[in-house]
Amino acid sequence: MKLVPLADRVVLKQLEAEETTKSGIILTSSAQEKPQEAEIVAVGPGGVIDGKEVKMNVEVGQKVIYSRYAGSEVKLDGKEYIVVRQNDILAIVED
Amino acid sequence: MKLVPLADRVVLKQLEAEETTKSGIILTSSAQEKPQEAEIVAVGPGGVIDGKEVKMNVEVGQKVIYSRYAGSEVKLDGKEYIVVRQNDILAIVED
Amino acid sequence: MKLVPLADRVVLKQLEAEETTKSGIILTSSAQEKPQEAEIVAVGPGGVIDGKEVKMNVEVGQKVIYSRYAGSEVKLDGKEYIVVRQNDILAIVED
Amino acid sequence: MKLVPLADRVVLKQLEAEETTKSGIILTSSAQEKPQEAEIVAVGPGGVIDGKEVKMNVEVGQKVIYSRYAGSEVKLDGKEYIVVRQNDILAIVED
Amino acid sequence: MKLVPLADRVVLKQLEAEETTKSGIILTSSAQEKPQEAEIVAVGPGGVIDGKEVKMNVEVGQKVIYSRYAGSEVKLDGKEYIVVRQNDILAIVED
Amino acid sequence: MKLVPLADRVVLKQLEAEETTKSGIILTSSAQEKPQEAEIVAVGPGGVIDGKEVKMNVEVGQKVIYSRYAGSEVKLDGKEYIVVRQNDILAIVED
Amino acid sequence: MKLVPLADRVVLKQLEAEETTKSGIILTSSAQEKPQEAEIVAVGPGGVIDGKEVKMNVEVGQKVIYSRYAGSEVKLDGKEYIVVRQNDILAIVED
């Protein structure tokens, strides 16, 4: 059982607290939006969305910082996921 | 008696609580929007909507996670349905 | 004396309570918008509206579920009507 | 002294209460917008408005139902007028 | 010293109270916007504004009814002016 | 050390109170936005901004009336500046 | 470990208080948005964003004044960063 995102949506799996500590990343948040670190587990096909061509620039396995402002949380087979639009991903975290 | 959705609208039938338990899906919700699991029972024709060509990418019978934020609930012949726009469907749930 | 809707507007006549009961339809409403069942009594010509070509896809006599959120109520010759945009019609109810 | 509306604006003269009673029209209003019956006394030239071509589809002398939500009231030579955009006119009332 | 409006802006000089009385115009206002009578003293060049071609259709010396909702008041050499966009002018008042 | 504005931004230096008095300009403000007189000290390059070609029509040294609604105040080397978009400049003040 | 911004996003590193004092820059803020001085540490690739071609006009190492209104704060390897869109950068500070 898996989530297949539509359009420009991306399914994220939030990194565990211990993993976050290991990489030395601590996220603080402004009042406007709460950035989050997560790993990409599924990427939508992109295509024409709201009349505009959207190309997907992220890949499964990348660690990203995203803005959770518009994200939706889902629990599937006991695991938690977040579904965001690609545009809610701020940056990729590279080692 | 059935619902024939217009434009990019999709008619959903929410999955029963026991069905949800069987598949191991538990939905949690952020303050922004409440994602929901449901089955597609009717799909609108798409076409030019608000001046933009919209192609329908979902099919009757698919199980989907949707954002109920803009959905409308309807009861027909004793059954409850939700009418959403295709864009309110976040992901398809595949076995 | 009759209402001739402009642009993409549609004139609706709400179905009576007894009629609603006969067809077994009971409408519940979310906090966002209140869907309603009604019969179409007049359809505007469509055309270029706000710079976009709008084609009318509904016909007089169809029973529809609409979102009353932006509708305007009018009383004419003792009968009540609702004027909505075509886009506020969610689905057609077919027997 | 007269009002010459600009762009897609239309000058309306509200029908008197006795006239309204004679035609049997009683207007009720939702919380969102208050529809009104009025007679058109002047029609703007249309043209390119906000980058979009607008064609005027109403004529002086027509009785119309309009949404007063964005209308502006003006008194000229002791008479009251309402200036609306054509798009705020919902329907023409024909005998 | 004079004001040279940019883009689609128009500089207005409000008509004096006595002048208003002489012409028999009394302005009432809805809660939404307060229409006002004024004389045009300067007209911007128009041109491409926010990506859209805007043609100026008003002239210095015309008396107009405008919506003061977005206007800015300025005092220059002891005289008061209002700077509005052309689109905030509802109608020209002709004798 | 100087500010080089990006895109359609313009750097303004507010005119001193005594200077304002000398030119006889007193600025009053509506509740909506507070117009201000200032001198242009730097002009951005314009170009394609938000998908639309923007041409800069103002020059360094011009005195302008602007709407401070969206402006940002900056202090550099002990002097105060305001950074606005060109579109927030209402009119040029000419002698 | 580093942040690779997506689309038109830019990663900023806020200048230290002592550095700010040395350059004589003191930032005051209006109620609308709080401008900030920072150094650019990473620049996104630009490209087609929301259907519009965006070209990046800033470079790593530039000192900029930005509007923090929409920015997201991130801590990585014990250092704090701010991720903004290029459009939130108001001006470059040159020596």
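Should a chain be cited, it is by its letter among A, B, C, D, E, F and G, assigned in written order, with residues numbered from 1 in that chain.
Criterion: a contact is a pair of C-beta atoms (placed from the backbone, for glycine too) under 8 Å apart; a residue touches a chain by one contact, two chains touch by 3 or more.
Keep in mind that this is a model prediction, so the values were computed, not measured.
Novice: Going only through chains that touch each other, what is the minimum step count from chain A to chain G?
Specialist: The least step count works out to 1.
Novice: If you fit chain B onto chain G using the CA atoms, what's the rotation angle, as a multiple of 5 degrees?
Specialist: Rotation angle between the two copies comes out at 105 degrees.
Novice: Please compute the C-alpha centroid of chain C, do the same for chain D, then give the distance between them in whole Å.
Specialist: That pair's centroid distance is 22 Å.
Novice: Averaging only over C-alpha atoms, locate the centres of chain B and chain D and give their separation in whole Å.
Specialist: That gives a centre separation of 40 Å.
Novice: Which chain E residues reach two or more other chains?
Specialist: 51
Novice: Quick one: ring order starting at chain A, direction chain G?
Specialist: The chains follow each other as A, G, F, E, D, C, B, starting at chain A and passing chain G next.
Novice: For the complex, which residues does chain A have touching chain B?
Specialist: Its residues touching chain B are 1-7, 9, 11, 42, 44, 47-51, 68-78, 80, 83.
Novice: Spell out the residues on chain G that touch chain F in their complex, using ranges where they run on.
Specialist: Residues 23-30, 32-33, 35, 51-53, 55, 57-58, 65, 67, 86-87, 89-95 of chain G touch chain F in their complex.
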